[in-house]
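Pasting the structures in now, so scroll down.
Each of the two complexes below includes chain A, the first together with chain B, the second together with chain C.
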Partner chain A sequence: MASTPSKSQILSLFRSLLRTARDFSDYNIREYTKRRTIDGFRHNRHVSDPSSIAAAYSDAESQLQIARRQVIVYSLYVPKLKSVMEIKHA
Partner chain B sequence: MASRLHSSRLFQTLKTTSHTCRLRHLSTATAAAAKESYEDADGISMKGVKISGRPLYLDMQATSPVDPRVLDAMLPYYLSSYGNPHSRTHLYGWESDLAVEKARAQVAALINASPKEIVFTSGATESNNISVKGVMHFYKEKKRHVITTQTEHKCVLDSCRHLQQEGFEVTYLPVGSDGIVDIDLLRSAIRPDTGLVSVMTVNNEIGVIQPVEEIGNMCRELGVPFHTDAAQALGKIPVDVEKMNVSLMSLSGHKIYGPKGVGALYMRRRPRIRVEPQMNGGGQERGIRSGTVPTPLVVGMGAACELAMKEMEYDDKRISALQERLLNGIKAKLDGVVVNGSREKRYAGNLNLSFAYVEGESLLMGLKEVAVSSGSACTSASLEPSYVLRALGVDEDMAHTSIRFGIGRFTTEAEIDRAVELTVQQVEKLREMSPLYEMVKEGIDIKSIQWAQH
Partner chain C sequence: MVTVGWTKSGFPSLRTSRFRVSCSAKPETVQKVCEIVKKQLALPAESELTPESKFAALGADSLDTVEIVMSLEEEFGISVEEESSQNITTVQEAADLIEKLVQKKSEA
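For the complex of A and B:
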C-alpha cells in the first residue's frame, strides 16, 4: 500500500479539488463542491493514524477524478440561462 | 496522464463552442409548442411569465437534482455496459446483474435490511400500490379492513379508494392539528380483520415525522402488517426497519438526489409478508415485479443511498441551520406567518408556511425567481386547497396561502437570503393592496364581519 501522504501532497490535492470545483458550470454544484471539500478536509484535520490518513487521502483522490469527469459532462449541457443567483441584481 | 491532458484540452474547446450552439432546428410539433415560450439573451418567457434567469430551486420535496457522483456511477451503464441483467449467457448480462445486486445491497444497508428483502420498482407510487393493493388482495379471504391516515400521499389514498370499490373497508384516521396521528385512536381502530396499517414516515407537504416506531411496535404486538411510505424520509432521517418494525416500506430514488423512474419496496422476510404482484410477466424480482430491471437507474439509486448514508449527518446539520435562517429571516420582517405542522417532530428540509391575508396563487406568481410550490406537486393542478392542510384543521383562507419551502443538500445560504428577501417583498406588496389587511390593521375582527348580500 502507498505510504502515508505528506502534508504537501494533501494540500496539493485540496487545491486541485477547489480548482476543479470552480470549473463547474452549475451554480449549486459548484458551491457545494467547494464547501464540501473545505468542510471535509477541515473535519479530518486532526486525524493522526497513518492508515486513516491514507484512506481519507485516497477517498479524496477518487472524488477528484469523479469531479473532473463531471465538470466535463456538465459543461456539455450548459443551459442557456444562468441561475438568478449568478446574475447581478440591483 | 495523457488522458488528463486530453480531457482538459477537450474541455477548453468545449467551453468556447458551447456558446455558439444556440440555433436549433425545431420539428413542427416543438415549433408549435415553442410559440408559447421564447428565450433570448435577457431571459426566458414561459406561460406568460418573463424571468431573467433560472429560478433558485427550493422545491426539494417535489424532486431533487441528481448528485454528480450519482450521475458518474450511472453513465457507464448507458454507454458501454448496457446489458440486460437477466441475460444469463454473456458478459453484458453478468456485469449488469452484478451492478444491480451491488445497488440492492447499498439500498438495503441504508435501511438496515437484507438485500434479499429489496425489490426494485418504478418508484414509490408503484411500491405503494403493490403494498396496499397487493397485500389486501393476497389476504382477501380473511382480511377486509385497511387503516390509513387522511394525510397520506395521493397514491395510497387512491389505492385505498380502489379497494373500497372492490368491497374492502377503509378507515381514514384523522390527525391532530400538528399533523401527528394519535396512537390510541389507531389502536382502537384496529379490528380482527385488519389486513394493513399504512402511515407515511415523513409527510411530503408539511414535513412532520410520524411516530413510526411506536406504531410499528403496536402493530407487531397486535399482529397487523405495517406499511410506511418512506420516500421523503430515506436518507434524510435515520430509517431502520428493525427499529420501526415495518413489514413493508416504499422508497423513492428521485427524492434522495438519484434518478427519476426508480424506487424500491422493502418486504420483510421474518415474519414473511406476501403480496399479489401488480405487474405480471417473466417473474423478475422474485415474481413480485416483473419487467427488466433498469440497470442504470437502479445503480443510480444505489449510489444515492450510499451517498446518503455518508452525508446524512453533514446534510442534516446544514439543512437545520438553513431552515432556522429562513424562518427567522421571514418572521423578523413579517407578522401573521404560521408554520403548518409540528415544529418539533419535523424534517428540517421541509418548511410549510401560511401567510395571513395573502392569496396563495398570486404569491406564487409573484415569486417567479424562487421555485417553490404550494401543497404537493400531485395536487397543484387542481384549485382546491390541499387536503393535508384541511386534515390539519387549517382555515380555508390560510390553507390557500401556504407555501412549501424545500431545502436540500445543494441549497446555499445566499439562496436562502434571496428567498427571504423576495418572499418578504412579495407578501408586503400583496398585503398593501389587500383591503382585508387594512381592516385588520384598524383593529376590525375579520371573522365578525357580516358580508352583505347583493
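For the complex of A and C:
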C-alpha cells in the first residue's frame, strides 16, 4: 500500500500523538497516553525492515484516531474533583 | 538598555528592551531550557551545558528532541510549528525560538 514512512513523517506522528495526549482533561489517561507513545516509539527504534516500519506506523496512526475520539468522549464526563497528582503544593 | 515595565506571566522582574535587534535570548530562558534538556536526557545536575551545546552531542536522538520541544512548549505556554522544531539543534536555538514565540504571543 503506502511506501515506507519517512523519518519526518514518523516524528510528526509522534508529535501529533503527544499533542493529542495533552488535550485530555483526565490526568490518568493523559499521562498514560504520553508514556505509552514514548515507550512504543522507543521500543521500535531499531526496526529496519520496511514492512515492519510501515506496519508500526499505521498501527500508531489508528491509535492516534482512537485517542482523538476519546479526547472528545472524555471531555463529556469531566469529574468535578481533580486528581490528587494534579494539585500543586506551594 | 531601556527599562520597560510590562508584566509577562512567569517572568516577574526583568529588564528588557523593545528595540533590541540582536537575537540573543535572556539568560533565564537559556537556564530553563538547560534544565529541561538535562531532565529529559537524565544528565547529572553538575553537567555543564553551554548555549552552544548540541542536543545530539549530549546523547539525544530525534525522539528526545521532539520530547524536549514538547516540554518547552508546556513550560513556556507556546506552540512550535513543525518546520521550526526540526531546525532546533542547540540550546541557543531553542531559547531564541522560545523568546520569539513568547513575544509574538504577548503582542497578539
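Just so it is clear, the second predicted complex is superposed on the first by the 89 of 90 C-alpha atoms of A that agree within 3 Å, B and C clash if a C-alpha of one lies under 4 Å from a C-alpha of the other, contacts with A are read in each partner's own complex, and residues count from 1 in each chain.
Everything below uses one rule, namely that contacts are C-beta pairs under 8 Å (C-beta built on N, C-alpha and C of every residue); 3 or more make two chains touch, one makes a residue touch a chain.
The structure displayed is predicted, hence computed values, not measured ones.
Of the two partner chains placed by superposition, only chain B is touched by A:Met85; chain C is not. Of the two partner chains, chain C is the only one that A:Arg45 touches; chain B does not reach it.
When the two complexes are overlaid on their common chain A, residue A:Gln70 makes contact with chain B while staying clear of chain C. Once the two complexes are overlaid on the shared chain, A:Ser12 sits against chain C while remaining clear of chain B. Contact with chain C, but none with chain B, is seen for A:Arg22 once the two complexes are overlaid on the shared chain.
With the contact threshold set out at the top, not one residue of chain A is in contact with chain B in one structure and with chain C in the other.
Against chain A, the residues of chain B that register as touching in their complex are 4, 7, 10-11, 14-15, 18, 22, 39, 43-44, 51-57, 65, 68-69, 71-72, 75, 314, 369, 409-412, 414-415, 418. For chain A in complex with chain C, the residues that touch the partner chain are 7-8, 11-12, 14-15, 18-19, 22, 38, 41-42, 45.
Residues 61-63, 66-67, 69-70, 74, 82, 85-86 of chain C touch chain A in their complex.
Against chain B, in their complex, chain A makes its touches with residues 23, 28-29, 31-32, 36, 39, 63, 66-76, 78-87.
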